[in-house]
Amino acid sequence: MSRYIAKAAIRGANLIVSEAEKMLQEAIKELGPETPVVFTNTAYYLPVILGFTGIEVQTLGDLQQVIDYAKKLLHPVPGDTLWLPYLGETLDCGVATLLAEEAIEGIRFARGLQPEPIPGLQLTGTSFTSPDGNSQEEEGGFANGPIDDVQLRAWGIQLVDGRMPGFAAIVGAARSNEAAVSIVRELQQRNILVFLSGNVNGRSIIHQLMEEGVEMGYDTYIVPFGTDTISAIYALGFATRSALTFGGLSGGQARDILLYNKYRVFAFVLALGEVDDLKYATAAGALNYGFPVIADTVIPQILPTGITQYEHVISMPFDDIEGETDAEKARRLVQRCIEVRGIKVKITEVPIPVPYGSAFEGERVRRADMRIEFGGRNARAFEYLRMADFDEVEDGKITLIGPSFEDVEVGGAMNLGILVEVAGRKMQEDFEPVLERQIHYFINGASGVQHIGQRDITWIRFSKAAVEKGFQIKHLGEILYARFHADFGSIVDKVQVTLITDEELFQEWLQKAREAYQARNIRLADMTDESVDEFYSCTLCQSFAPNHVCIVSPERLGLCGAYNWLDCKASYQINPTGPNQPVPKGICLDPVYGVWQGPNEFVYQNSHGTVERVSMYSIMRDPMTACGCFECIAMVIPEANGIMVVSREDPSMTPVGMKFSTLAGIAGGGLQTPGMMGVGKYYLLSKKFISAEGGFKRVVWLSKILKETMRDELQAVCEREGVPDLLDKIADGDTATTIEELLAFLEEKGHPALTMDPIF
Amino acid sequence: MAASVPSVQEKWTGKVREVTLGALPADGGTRGRTVTVGGENTLPFLHFEGEVPHRPAIAIEIWDHPPEDWSPILLEAWGDVLQDVGAWAKKAEEVGADLIALTLDSAHPEKGNTSGEQARATVRKVLEATTLPLIVYGPGQVDKDNEVLVAVAEEAAGERVALGNCEEGNYRTIVAAALAHGHLVIGKTPIDVNLAKQLNILISDMRLDLDRILMDPTTGALGYGLEYTYSVMERLKLAALMGDSMTQQPMIVTTGFEAWRAKEARVNEGVPAEWGDWTKRSLLWETITTMALLEAGANIVVMRHPEAVKKIRQVIDKLMTKA
Amino acid sequence: MGLSGLAIYKLLPKTNCKECGFPTCLAFAMKLAARQVELSACPYVSDEAKAVLDAASAPPIRLVKVGPEERKVEVGNETVLFRHEKTFYHPPGFFYRLKDDEPADAFAARLEAVANYGVERVGIELKADGIALQSAAGSADAFGERAAQVVSAGLPLVLIADDPQVMEAGLKAAQGMAPLIYAANAENWETMASLAAQYGAPLAVFGEGLETLAELTEKIKGKGVEDMVLDPGTRGWSDSLAAFTQLRRLAIKKNYRPLGYPIIAFPGEGTEDELEEALLAGQYVAKYAGFIVMDHFDPASLYPLLTLRQNIYTDPQKPIQVSPGLYEIGKPTPESPLLVTTNFSLTYFSVAGEVEGSGIPAWLLVADSEGMSVLTAWAAGKFDAERIAKAVKSMGVAEKVAHRKIIIPGYVSSISGELEDELPDWEILVGPREAINIPSFLKQFAA
């Protein structure tokens, strides 16, 4: 906590509370204690006071106890030599400030001084959402004052359902009129409500907008509360009433109201111009709601998070902001505000000149229809997604470095690098490959664009028709920007796309991308079950196998082959209530069989009591159940003291006298079938592949298609297991389709399983 | 020699939540009565082992404009009241509805694209025509659902109307409207236990109290997927009784809509003689669908034909009688 | 709870002699575990193993057969309380009650109506199951005569008579037809039991209350009668639901042998109202009856009930399939749109229903996806470009449809390119993902 801020805020609080008390005494003396105090068109008394204290203020007399309460919250201004953790005191004083400010507005209402007269101000007529309107509006010349209940509900619905991401309480005056207009336009574009109040040396942003002819009022989502700092209290009144209306809370539940706002109302304070004591004090009050403060002047920052979700107070001096014009600087300022509050950008449309949608995913672009291709036989293309720090990524920046394809002949090819840089509070390096794989689906959604492959074997084609409609390389960036925000907004806050055709840069980044691919491969290979604290569940298939639960660990991917541990982890971040849930390992009950307390409990609960125990590394004892989607079936062959692994793609007869389809009928359905298990084919490569029974050396028969398509990887496994020629000792559909043939084959080759411990 | 038969009473640990539709004047509404469903701590109608405190409720489906594609049998049964939603509501109350389920079909972009304003007027009219609590369905098209249901929520503020349908891809606006104006919501998921649970979690995460959420597991009519709905409902009910909190919402099924979509109920032209008399067959199509889902755990059934309603009312009377 | 395949395997001879018809002992063991074969198929199984295996595999509800082999009604052998837990195996039989004092013409006409009733639904022939012949005249001759009439119609019989003499006349007429005797009660059980033993007929046992019933079945079993059917005496909605549920739970969860038999129900005795009789019969279909005796025969109620029975007794893990083919929805012309979908019944019904609802006549091509829904089939490779192309080529689509445009489900948009390769003359259009959006798609398409 900054001592400077604490001192200023505490000073400001003391001052405003005593001012409020003075005003109250005068008002009571003049008007009498029974004089009604009412905010027009709202049913929440004085809402901030109601929220914090539960007091239902109806008369001037009722305000006395509010002032008394506020006084108790005040602390003395800290001395210059004393070093204290001031946060608590400052926040308390912030609350006192808010109570005093609302009391003052209450008194002003009683005196008929609110809403504040602002000569020349015309608010855009309230629509049907506010049938009563403020009668004075028609004549004009007044600020809005508190937002009425009807409008609160209408906007509240949008705030709650997410169409409106939050509100910005702007206090003060912008550097220039140009900056003022740019700030509100930026906010408007993002559907963020704008509340205006305060001034700097008598000049308010309200005046600036009036001069520039910016329409204000409910219709334009820009609401001028008043030209002093005190009127900013209406913004917090709005926040409090949102919690009361939509959070099911009632007056006096201060803590719940503040938490509701912290987690659900994405609001922030933007202090423009010099920050005086009262502004600090008011800002301290706003911090209680979890609303961070961003100032465009030099003030001390409060960075550690706690009361707010991220930083508390940010200083972004206007002069230091990058940008040619005030408008550009203002844009960056708003961008920063959005980051600090963690407001998610919603993008619903992909702005490209060709139709876009999943319906185009399977479309082909044939050579004859093709304008240009990237990658393929005659060129190379790569795609590389990496995470970066917030300040390294400019959201929405899409750049093409190098030439476009005008000079390439029709049907020609060129190199292309797609570099996607993302930043996000919840982003992790481990999610890079998960997100990168989405590029394929995202790009394929454009009509007339075909995407094949991934990493450095990416291959993209644009059709002539698409290019005729105006489709350009940079539109790939538009697609990726829009879709990553839309689909992965919970992980990703900022997305920047660089498209590289410049040959030198292309080669440079290709190299970097390849290094990254390699590093990821190693990272994946190094990830062990021991190295993590939790596995993930997958209950996606319960729609047809109601009691089946997959437990996915780093060394055992889902049996369908589609979900590895990282995918599940990312999926959980994106969809916390979805089918992939974290399963803490808990106490290890058997390291050999791979039994933990956590998975046991999870499986018992989610199999609805049908499966009590699950061994992660065994086919014989409590093996994992299967839904029916397995890539392969592993099954024990007692006569051979080993197991066979049959691929879904293998239609031939196996030595046990059953084909895959028959075996599948026995293995599926979510029942534990010792001796039988559905597995993903990459599990065969894991060190934990039926390690309880001796691992890969137990494999005596393997579908030929697996042997062929995974030969290199399997060879590496054989070497790891210490039997380099093992693969040749394993039978397949060519060498054995009966037990007798199998046994003869194994004897002849001297398969190690024959001499291993009995499998049961 | 007296045989001693072992007891097979289950000791369930969970129960279905009670949900009340409609609000009396004292509670900020204008309804003449409220309807509470749920609360059972045993499988449907098994009075020998638990409490079934509230009988399942029958809602009658009415439309805000005359339904052109309904079966002639239905059109004939209702007659002139189809022309006027208020008259229809009144008639529905007379023939024995516990609830009125108003579908704002005319708001569908292809069926009139009427506005939120019109929806308000319609709801106002129905509120005035009947004293029963309401269920209000949008036209089933995301944007229009949000438009008209928000308007309806405001118009009927405080009436504890059940607003439907919330779906996984579109629930936030409807839930927000319910939060703002004191209503209930119906969460609809496609015949899947986990999706139903998930939607309940998502909705309650928005702070709508659990006693304001109904779940619609998606109805399959007799011969058209009934068995899927039947089993998903049995599984949800069992999970609820076993204590899984997010499956304990009362269930609502739209048996009238689904049964009358079936060819067997809708038409009589060119159908086999073995299907029998059209009227009787179609009535049975609706009532058997409804009966089966009541036995699977439905707490609210949304029906169409007045005679079918009468029969189901008798059946519920008898099922609620303790043996 | 049955034994796992491996546990059974341990008890088998492990010689892979193949005499059971399976290539290995393990394959046989797996089939046994799935209860798809009888242990007796193994000639070498030891007595010890047999004892263990028999005990594990004896069904908790006895399988009871009624009627001649060709039209037999077989009920019992159920293993679960809820169909989602596995499946319900043996659908209840619908028997129509005829009284032996009815005029000959009327009797013959009603008998014929029941005997000849048959209608197809999703490729399965639905039929009424049999006649419940009730002695009303109290005459053995009349009863025997009418029983013979039913026998000659080839229908399974339930014989309803209190007087053992009358009953015997019926049994004589129905020798070899395994008619169900209704019913033994506390008074007549001894005579009825000996009749059942003598004629090899299953015996229904009536007893009010489960204790009474359990006592009676034990006594009757003592007389050597194994095949029994239970009537706990309840007739209404709520009491029957309670009693039948308890009977089913006793058998499945407690393995309580004295009540481990199928149940007979009489919905017509629970209400005067014909429609309600049908509804109550519906409850009995869902909730555990094995034989349902109806008083009113009417196709308008039988057809929905048979449909319900088909629904409830569908194996949840083996979805019903629709025959692949080119279906006409409405009255399509060669210009009408052509859509393709899978042959999973639910998929077919939702697509067909929506197309029909749209009011636009269309052709619906149902490809053989082995009964899987669109996404599942696509994931399993059962609804790929090759299969769709095969359907287009083999179902004579080109002859009926003049245009060359085919609409595929939105969920498989990714195969559109491959499908173009397979069907070079066709334009591949991607339709909506969900059936519910078909009407607006078709309207736009037609416009």
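In order of appearance the chains are A, B and C, and numbering begins at 1 in each one.
The criterion applied here is as follows: contacts are C-beta pairs under 8 Å (C-beta built on N, C-alpha and C of every residue); 3 or more make two chains touch, one makes a residue touch a chain.
As the structure is a prediction and not an experimental result, all values here were calculated from the model.
A.B. asks: Of the other chains, whose C-alpha centre is the longest way from the centre of subunit C?
C.D. replies: Between subunit C and the rest, the longest centre separation is with A.
A.B. asks: By the contact definition above, name the pair with the higher C-beta contact count: B-C or A-B.
C.D. replies: Taking the two pairs in turn, the one with more contacts turns out to be B-C.
A.B. asks: With chain centres taken as the means of their Cα atoms, state the distance from subunit A to subunit C in Å.
C.D. replies: Those two chain centres are 50 Å apart.
A.B. asks: Can you check how far apart subunit B and subunit C are, centre to centre, with Cα atoms defining each centre and the answer in Å?
C.D. replies: 30
A.B. asks: How many Å are there between the centre of subunit A and the centre of subunit B, using C-alpha atoms for each centre?
C.D. replies: 36
A.B. asks: Give me the residue numbers in subunit C that touch at least two other chains, ranges are fine.
C.D. replies: If we look for residues of subunit C contacting two or more partner chains, we find 84.
A.B. asks: For subunit B, jot down the residues that touch at least 2 other chains.
C.D. replies: In subunit B, the residues touching two or more other chains are 235, 238.
A.B. asks: Multi-chain contacts in subunit A: which residues touch at least two other chains?
C.D. replies: 546 - these are the residues of subunit A that touch more than one other chain.
A.B. asks: What residues on subunit B touch subunit A, complex-wise?
C.D. replies: Those residues of subunit B that touch subunit A are 117, 150, 154, 172-173, 175-177, 179-181, 191-195, 198, 201-202, 205-207, 209, 235, 238-239, 242.
A.B. asks: Quick one: in the complex, what on subunit C touches subunit A?
C.D. replies: Residues 4-7, 9-10, 14, 16, 22-24, 26-27, 30, 33-34, 84, 317, 376, 379, 410, 412-421, 430, 433.
A.B. asks: Quick one: which bits of subunit A touch subunit B in the complex? Just the residue numbers, please.
C.D. replies: 128, 153, 156-163, 245-248, 260, 539, 542-543, 546, 577-579, 608-609
A.B. asks: Give every residue of subunit A touching subunit C within the complex, in rising order.
C.D. replies: 358-364, 444, 450, 544, 546, 620, 629, 636-639, 655-658, 665-666, 669, 672-676, 738-739, 760
A.B. asks: Sort out for me which residues of subunit C touch subunit B in the complex.
C.D. replies: Those in contact with subunit B are residues 82-84, 117-119, 121, 210-211, 214-215, 218, 234, 236-239, 241-243, 245-246, 249-250, 253-254, 256, 258-259, 273, 275-276, 278-279, 282-283, 286-287, 298-305, 307-308, 310-312, 314, 316, 345-346, 349-350, 353, 356-357, 359, 436, 439-440, 443.
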